[in-house]
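What follows is a pair of complexes built around chain A, which joins chain B in one and chain C in the other.
Let's turn to the complex of A and B:
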């Protein structure tokens, strides 16, 4: 309970830091990198819903991000559709394709589900790469327009785009917070803890899992749509499973099944990658051992570790208070008896 | 309450449950006993919808529930526990129980997004239910402990509480006293009697004969998937086939 009282101020400070970041960042490049980390974080927050909260390892997540990005790319570049209209279509289309992919793949459980989704992701990659007429094939889509301005606000420079991305990140986290802390979130967590037990408690496994899957692909699609408008160039490689593995790494580092874990992981790993840029491909020599150490000593990720300590302390303090109350209670009883 | 008619389950060439016909009466404690591999858990899996029977019917409260999914069976009022309960160890005991009443609520994803009154009421009801069942099984004192930190016996009680949170009519208990000491076993037996007093029907699988013989109103004995006997504890204790298949000569003499 104690943790909750300073949770809000902490969040406010973090948000303030995010808002002033562009003002203290040394140059535009840092702002650009941070924006990119936020976009990846939105996708990872979505993946965390199906992986961290519902316990289903979906390896096609990058594919759904690519669907969102390509929807924006194709609609804006080839059909002259306004960015924001394409943006909405991107989210909807990812969710619709996610619905059918989920309905099919969630018939499988555990590793079989993961292997199946690995194939789904690769199929998305192949379809994007081979459909020259629609997706420009291996060339990719270039010159995607930046998000059009809303009212007096323009999104034509790194600063304003940073704030746009930050806005969507905050909305994503707010919505995810609502979901995972609700009864619905409890149903997702129950499935992760044990599908048999969840089903016995009257939870419709298929319907609940498909809902988690669709929501996660919606997040991926939105992240992809933002990515397209921000980087303004997209290629088929973004659908590859290696991008899904990046997001899984974010989640593992930050804390699987925690609200802010994917964000923390995305920011930490993005900056680590940036600062090791000079090592080129050799950076994996630093990266690999670091990840192994982290998984060894913080298997729940950084926030997961912190949360567990918090939970234990809260449980202990509740217990203390209960004891105190019972002591006081019995003393009072003694008093009245006397 | 629960009528089983000619229930058979075959897995490939293996017949796990063969032509079992019996009834479990309302407000009674029914026990299923038998050697390992006799098909007891499979029988539970059939009743609770995890397996579809090869042949036979399951009638619950006058309604044919054969072939329904587990969540549908649960909504009709059949709850069950497992030999081991998978709890979320990093959450409190109370937190683990709140989801148990979800099936009696109606709020949807859109209620979550809009944070409607219905959702708040549902969450309030689920929390109240969790507190109620926790109190019923006598675990209010560990409500705020992490699930990881409670004892084996408390875990068993939490499993009961989870089953009760679904507002069941019948509770199927799979080895409720497995892995707990004799003294705790007595406590769990008392809890089962308390469930009966509350108007529930209980059906349990157990290997602890002393517990079964003093607790059960009716015993069904399975061996190799077949029901070899049914009756009161006294009848079962003196049944020659049961003694040969399961109890052993020592127990019968005792």
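Let's turn to the complex of A and C:
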């Protein structure tokens, strides 16, 4: 485990780095890419709650992100609703739809749940694509307004939007840390480790799992709403399962079931794809085998690996101390016997 | 009458293709208990292989089908040996993620070679068959005949031969099968080979009346999943009946309800049925 003493300074340094990033970035494009990585990280942090902490592979996550994005897109473009009002509605609507989807899908276990959510995600995609009147169909929604200013702060350039996204990222991570360290978080982890045991401990399986599902879809909806205001055009393809697969890759690379894993993975993989521009369309030639190799040889991810090493070191030093003590003890024994 | 007949024909065509894909999926599930998300990619690779063999090498349609079946069977066996076999003791989550990785790789690989655009396989039998006042394209009749012929052969193989019975035995009870001396490795290689070959044959049969593109497997695999959930995971008759049910629901739904939403029908059925019966329609398949 991370030792508590330098956890806080480390977080402060990371935050500081994130804050000064736009000032040291070579151009606005880097800031744009980083903001996108943060938005994907928010969605991945949400997916990690149901996948990493609760152990349910939800393949509809991108669908819920699309629901959030389309709520903002439709409300702001077609109905002239202010961005922030649409933003709140987006989160709420994703969570409400997530609640009903969760109620249905979580009655299924393991494989069946994953297959079912795969179908749910595809249904969301098909509905978005076919409902021309509501969602503009295959054309998508263009000219989504940027987030309106709050007080004196405007969000009309990449810089200010970067800080806006960063703010939401920090809030999401803080909230997630509160959730997973609470009793509820322990209940999620208990379900992941063994549903039968968790139930024996008095955890209401259905209620707890639905709660995890709703929270994760809420994150997805929020990320989608931010995405709509940031990229400013959206299409039905964002609901496709391949985007869920992207997020799974983020989580696996960074560390499944760890707080910062999804963020680390999102940043690393986003930059990896950016630096391999020629790979844009074929990134899956690399990501696909990467996913396979990760689950085969490195299932704990970067942060998980680092934690394991810490734990092993702590255990080793503990054992050393115990060994020393027992050596000293036996010497004393020898001494008294003599 | 004629219009009704057309829908029946459509339903049978779709249903037999779906059933072939679902059969492969359900066989692998019965043996290894993993939902092979990459199965749709195998179907897609099968279509491309046939397209390549016919289009670039000028092979005969049936030779191309055999070639595609062979290549995809090999690919499926490789995926088992290199990935799924090694993950047999890992948590189920890992199998599923590895299958997704394989799916992504195959799709991107095919797209890198042949591009994202649509391809067509020239219909080998463009004739129209007329019987009384009913009209049917020859290719559709071939699909139906070939698919049902193949299913019949598979049924004979699984029930009448010793090798086939080992697959059934393994699906029913893994430990028991090992106890009576069935080689688990041999059975899983065989199962993956059959499932890959079935996917390739289904794709080659369907290709002349359909388009070939890298993500063509998505819808098919999801419908195959719906079918085996409806029919019972691991159940062979369930896959065939389920395939036909979805095929008919789609062809009649497209005609009488809406063409636009025909792809949603399968999923709506799934949601509806699982809402009332979370364990599927036939919960006790071949699985013990």
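Heads up, the rule we're going with is that the second predicted complex is superposed on the first by the 290 of 338 C-alpha atoms of A that agree within 3 Å, B and C clash if a C-alpha of one lies under 4 Å from a C-alpha of the other, contacts with A are read in each partner's own complex, and residues count from 1 in each chain.
Everything that follows uses one rule, which is that contacts are C-beta pairs under 8 Å (C-beta built on N, C-alpha and C of every residue); 3 or more make two chains touch, one makes a residue touch a chain.
What you see is a predicted model, and the numbers here were worked out from it, not measured in a lab.
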In the superposed arrangement, which partner chain does A:285 touch: chain B (first), chain C (second), both, or neither?
-> second
Is A:201 contacted by the first partner chain B, the second partner chain C, both or neither?
-> first
Which partner does A:112 reach: the first (chain B), the second (chain C), both, or neither?
-> second
Determine, under the contact definition given at the top, whether A:245 touches first (chain B), second (chain C), both, or neither.
-> second
Using the superposition on chain A described above, determine whether A:55 touches chain B (first), chain C (second), both, or neither.
-> second
Touching A:142 in the superposition: chain B (first), chain C (second), both, neither?
-> neither
Applying the touch criterion given at the start, work out whether A:295 contacts chain B, chain C, both or neither, answering first, second, both or neither.
-> second
Using the touch definition from the top, say if A:126 reaches chain B (first), chain C (second), both or neither.
-> second
Could you give the residue numbers on chain A that contact chain B in one complex and chain C in the other?
-> none
Considering the complex alone, what residue numbers of chain C touch chain A?
-> 33-35, 37, 83, 86-87, 90, 92-94, 96-98, 100-109, 111-112, 116, 218-219, 222, 225-226, 229, 233, 260-261, 263-264, 267-268, 270-271, 274-275, 278
Please name which positions on chain A make contact with chain C in the complex.
-> 51, 55, 57, 104, 107-108, 110-112, 114-116, 118-120, 122-123, 126-127, 130, 241-242, 245, 248, 252, 281-285, 287-292, 295-296, 299
In their shared complex, chain B is touched by residues of chain A numbered 175, 178-179, 182-184, 186-187, 189-190, 192-194, 196-205, 211, 300, 307-308, 311-312, 314-315, 318-319, 322
Please name which positions on chain B make contact with chain A in the complex.
-> 48, 50, 69-71, 74-75, 79-80, 82, 85-88, 90-92, 98-100, 102-103, 105, 107, 109, 112-113, 115, 119, 122-123, 126, 141, 144-146, 149, 162-163, 165-166
